[in-house]
Amino acid sequence: MDITARKRKHLEVCLEGPVNYARLTTGLERYRLAYRALPELRLEDVDLSTRFLGKRLAAPFLIGAMTGGEEHGGRINRALAEAAERVGVGMMLGSQRVMLEKPEAASSFQVREVAPTALLIGNLGLVQLNRGYTAAHLRRAVEAVGADALALHANPLQEAVQRGDTDFAGLRAKLGQVLGEVPFPVLLKEVGHGFSGEVARGLAGLPLAALDVAGAGGTSWARVEELVRYGEVRHPELCEVGLPTAQALIECRAALPGLPLVASGGIRSGTDAAKALALGAQAVAVARPLLGPALQGPEAVVEWLEDFLWELRAALYAVGARTPAEALGRVAAV
Amino acid sequence: MDITARKRKHLEVCLEGPVNYARLTTGLERYRLAYRALPELRLEDVDLSTRFLGKRLAAPFLIGAMTGGEEHGGRINRALAEAAERVGVGMMLGSQRVMLEKPEAASSFQVREVAPTALLIGNLGLVQLNRGYTAAHLRRAVEAVGADALALHANPLQEAVQRGDTDFAGLRAKLGQVLGEVPFPVLLKEVGHGFSGEVARGLAGLPLAALDVAGAGGTSWARVEELVRYGEVRHPELCEVGLPTAQALIECRAALPGLPLVASGGIRSGTDAAKALALGAQAVAVARPLLGPALQGPEAVVEWLEDFLWELRAALYAVGARTPAEALGRVAAV
Amino acid sequence: MDITARKRKHLEVCLEGPVNYARLTTGLERYRLAYRALPELRLEDVDLSTRFLGKRLAAPFLIGAMTGGEEHGGRINRALAEAAERVGVGMMLGSQRVMLEKPEAASSFQVREVAPTALLIGNLGLVQLNRGYTAAHLRRAVEAVGADALALHANPLQEAVQRGDTDFAGLRAKLGQVLGEVPFPVLLKEVGHGFSGEVARGLAGLPLAALDVAGAGGTSWARVEELVRYGEVRHPELCEVGLPTAQALIECRAALPGLPLVASGGIRSGTDAAKALALGAQAVAVARPLLGPALQGPEAVVEWLEDFLWELRAALYAVGARTPAEALGRVAAV
Amino acid sequence: MDITARKRKHLEVCLEGPVNYARLTTGLERYRLAYRALPELRLEDVDLSTRFLGKRLAAPFLIGAMTGGEEHGGRINRALAEAAERVGVGMMLGSQRVMLEKPEAASSFQVREVAPTALLIGNLGLVQLNRGYTAAHLRRAVEAVGADALALHANPLQEAVQRGDTDFAGLRAKLGQVLGEVPFPVLLKEVGHGFSGEVARGLAGLPLAALDVAGAGGTSWARVEELVRYGEVRHPELCEVGLPTAQALIECRAALPGLPLVASGGIRSGTDAAKALALGAQAVAVARPLLGPALQGPEAVVEWLEDFLWELRAALYAVGARTPAEALGRVAAV
């Protein structure tokens, strides 16, 4: 399957589902917000704005990395970007490898026109550093779309199931090298199987700008790839391999106390987001739930985002937190 | 929606349901009564009578705050009050703000005629202290209906979902002030999302007469307000925010050892009530289950109460407790 | 309802059900037998025989107290007794109060003819000591049927639900007194709500011959009485009051290290019985499952018992225990 | 039922099912693989090859002991053996007692022709040492089929339910003696009810080559035998006696740190296998899932095995383990 066909199939499968983990959950349901019957503040005092990767966001929210390079990619990306601009949240693009390899795919990643000021984050697979990519490629990806930062995704399980690029040897060292050679902030992410504390500790010392724990409990990319390959799930146990988002977050927070963390993977509501902030995230990211709205257009995305952020605001208010930072710790095990 | 229409809608939604928490339970099911095969007493020795807010009750039971000011309000309140009088339990009125603002609504709160001696507790929203209410308003609420005491409800989550009065800043201080200016006992309550130990500790030093923990597991007022607003539940996770009644009770008991506590939120049977007493409550309150009987009339309420109290008596007997106070501690984790 | 009618209704309700606890289980499912792949013995070496209340039993098994005094009582009792004799297990009769009060009911308890050597245990309610019964009544009950011992049942919850004899004041002292005045062994039992360690400690010093913990998880007698009274369960939470059999056993074993214990309440298989022995019981008792076979006749009861005991033998073999006593401790938490 | 008829019935019952434990699971679901988003290796670097019982296997996998001596036995064994040879895994034969007793059954165990180099393991019941079998019989079993090693199965519960050979007295001593008299490696196994740490400790000092914990969670042989005997499960609790595979493995690993362990009983996927390796097994064995493919022929078995091993490889890659041995410990409690 060529890269464009594969991307089309990804979208199809993600829309038809079910692509969620069958058994694993995010683990956020094991925590409850520490409700304060006397929050001692006004709902309108709650200020969601956040600095992230050098820009001010109206809320600690990123549209998750999803697409680009195929039929509907341009339309989806522009809808997401326009909404991000209007609402004031950040946006991660889907993997730009297709655009580096097929110049005609580039247009579907061009969203600066509709999102002139939004935090825009480019995206490439970390494994490409073992396939000839250098700092120059990373720079090209960022510059070509006018991004503010770059996300590199580490996805060995997805690649294994996809029979894709599975040479993950020596990547930590290569990552260390390119990080010193690019002028923009770089965020490292998984695609939904999660970073553990152990792996996070191995990243200590690298000049990363942020880590997106991208844990288990939402979209299982092993599952997506099985559905793409077989039209069914043949290795259901393998598709449940991963570290639940809540636990990934807790472990990474402990492992890397100073690094900004994004919580993603199965974040589905403002209440989920509030729990993630309470557990130590600086921001959350949501991917698949935005696919449907994006196909409908920017209005639908804006509506989705505003509803989500209204709930986040209400949830912070309910724990008496004036800001995302104040939410830290306002959570208890169920 | 004006305040009377809203109140009508509350009743409708509470009757049609489901307005119970979807996942959270009271936590009382995690405890079992410490059954004594040899209770060493007679069933008729069990004496449920209790002093509460300065009056003697035939049993440690309060009819929960519910209504007033709308179509059926008067009928419901009179049925509840007449039953309270006959059975000898206490009764909390619904929020009297409507009556302070619309004099024509006052009649629906007038129940002294049918309940000349019952413990009657008035009700106002704590947040109104930030909307101009003073000790004079509290006094007016109590005097206008001949109440013995006043309940103030703190309900930030309900207000947030309702897009209501969400200015909860500085309320602890204002509460402290008015408490010094009113001559009757004041009870502080939530509406079903619960007081935590942390929040309770913040109340230490205030001359409160009692605290109703009003925890999660029964009616979720976030849910009621979503159903009122949208006709459906749009933020299901937010509607599950709250502290289960059993845990709220345990935490508040530890935080405020000397303060009389009411356990409410999902109390549904005399056995539940016995567990609450065993976990440290001085009395329990029940709201929604009484709505149906109240619409049928005082007879139905009396019957409901007597059945509930028969079970409470049997449950205390089963743990060998002669009085509600003796039940303390006669419970074990499942 | 007169006593004979009530007993007929008990049988009816127990046969139609469901009279089992709705939520509580025996807790035996939380333990697994410590299987030994190398038992180092022969299956035929397993010797189930046990001394209990002064007699030798072919197996540590008692047919639970059930009936007498009504229509089918005689037939049931004779079927059970004949089977007990043939298989070599013990048998508890149902409450003999009816026969002390209505002489014409006596015949239904007469089983010595068909069970000349079996361990036969009479039965009376402990609460009758507060209704005028003395050691003389106890002796009469035992002598009238030629029993070897007497079981006294403590059943305050059942009596409360039944609106029966609920004067349990001072019973420990009265029990102490009559125990000194009767020449036969006395066993104390509940009827399925269980003895706790706390209550058992209160029995220390009494010359009891054995204690049947009669815990929760099998037949709920509060439930039976609700079904008898209302034709439905009106107080479902009250019907779940009780201490699960496994826990009752563990607590009583710790409280009274020297006293022979019977485990009953929800014992349904030889594997359950083996777990009970492993947790410290000297014997088990089973009531309701034998009702159906008893109505069919002695053959059916013998078959039921032999099948049960075959499984018990296999289970002891599987943990490498040559005798019931050797099974002690061969169990682990799941 | 004669031995050949019984074996035919075993196959039938195992194919029709359900013969899996009804409640017990392997316990592997309580563990998750410690996923590494940065495995720092190439998928093709993962080397599954393993030395086991003196031979090199392409992967740490044994086809479980299943059949021989009846109608389809020869066909099944040859299919399994041919596949084992092609894929490079080991194979355990079914019990060879039938062939020692009925010479005409021998041919169905002859698989060396189609599996000249594969690790081939003969099989006899340990209990036969109490029925006259000596080291000479063990040698005959191994030599007659050209096996590399012998598995002895200990199965007291199966034998009890089968009303088979239940004299397990003194077997540890007899095992110790024959082990000193045979020139080939001997593996001890259960048939799916598991070896506990306690029993394993009793094996310390014996010159065993390996122990297959053969725990609970997959095929319950008590259940199979009940289905063979009664056409239904009459003693469901007894059929759940056993130690879950994960726990058996953990206990045996602690009890016998130096002994190679096989994990079997309910191993159903490469992910399960990876968890077993992580918990301390040197290899896994799978029985019943291979029955269907074996009836179809060698191709189907090869396909099944390759798919299983592909998943095992992917799972090891996902935890960053280059070899089965490196997987040790890469697991965490859920």
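Here are a few things to note about the model shown:
Order of writing sets the labels: A, B, C and D. Residues in every chain begin at 1.
The working rule: a residue touches a chain if its C-beta (ideal position, glycine included) is under 8 Å from a C-beta of that chain, and two chains touch if they have at least 3 such contacts.
Model, not experiment: these values are computed from the prediction.
Matching CA atoms, the turn from chain A to chain D amounts to 90°, rounded to the nearest 5.
Ranked by separation of Cα centres from chain C, the top chain is A. Residues touching across the chain A-chain B interface largely differ between the two copies, under half of the numbers being common to both.
One simple way to say how far apart two chains are is to compare their mean CA positions; for chain A and chain B this gives 44 Å. Each chain gets a centre from the mean of its Cα atoms; for chain B and chain D, those two points are 62 Å apart.
Arrangement of the chains shown, judged by which pairs touch: one closed cycle in which each chain has exactly two touching partners.
Remark: the chains found to touch one another pair up as A-B, A-D, B-C, C-D. Looking at the complex, you find that chain B touches chain C at residues 32-45, 268-272, 307, 311, 314-315, 317-318. Put simply, chain D touches chain C in their complex at residues 154-157, 159-161, 166-172, 190, 193-196, 198-199, 202, 234-238, 240-243.
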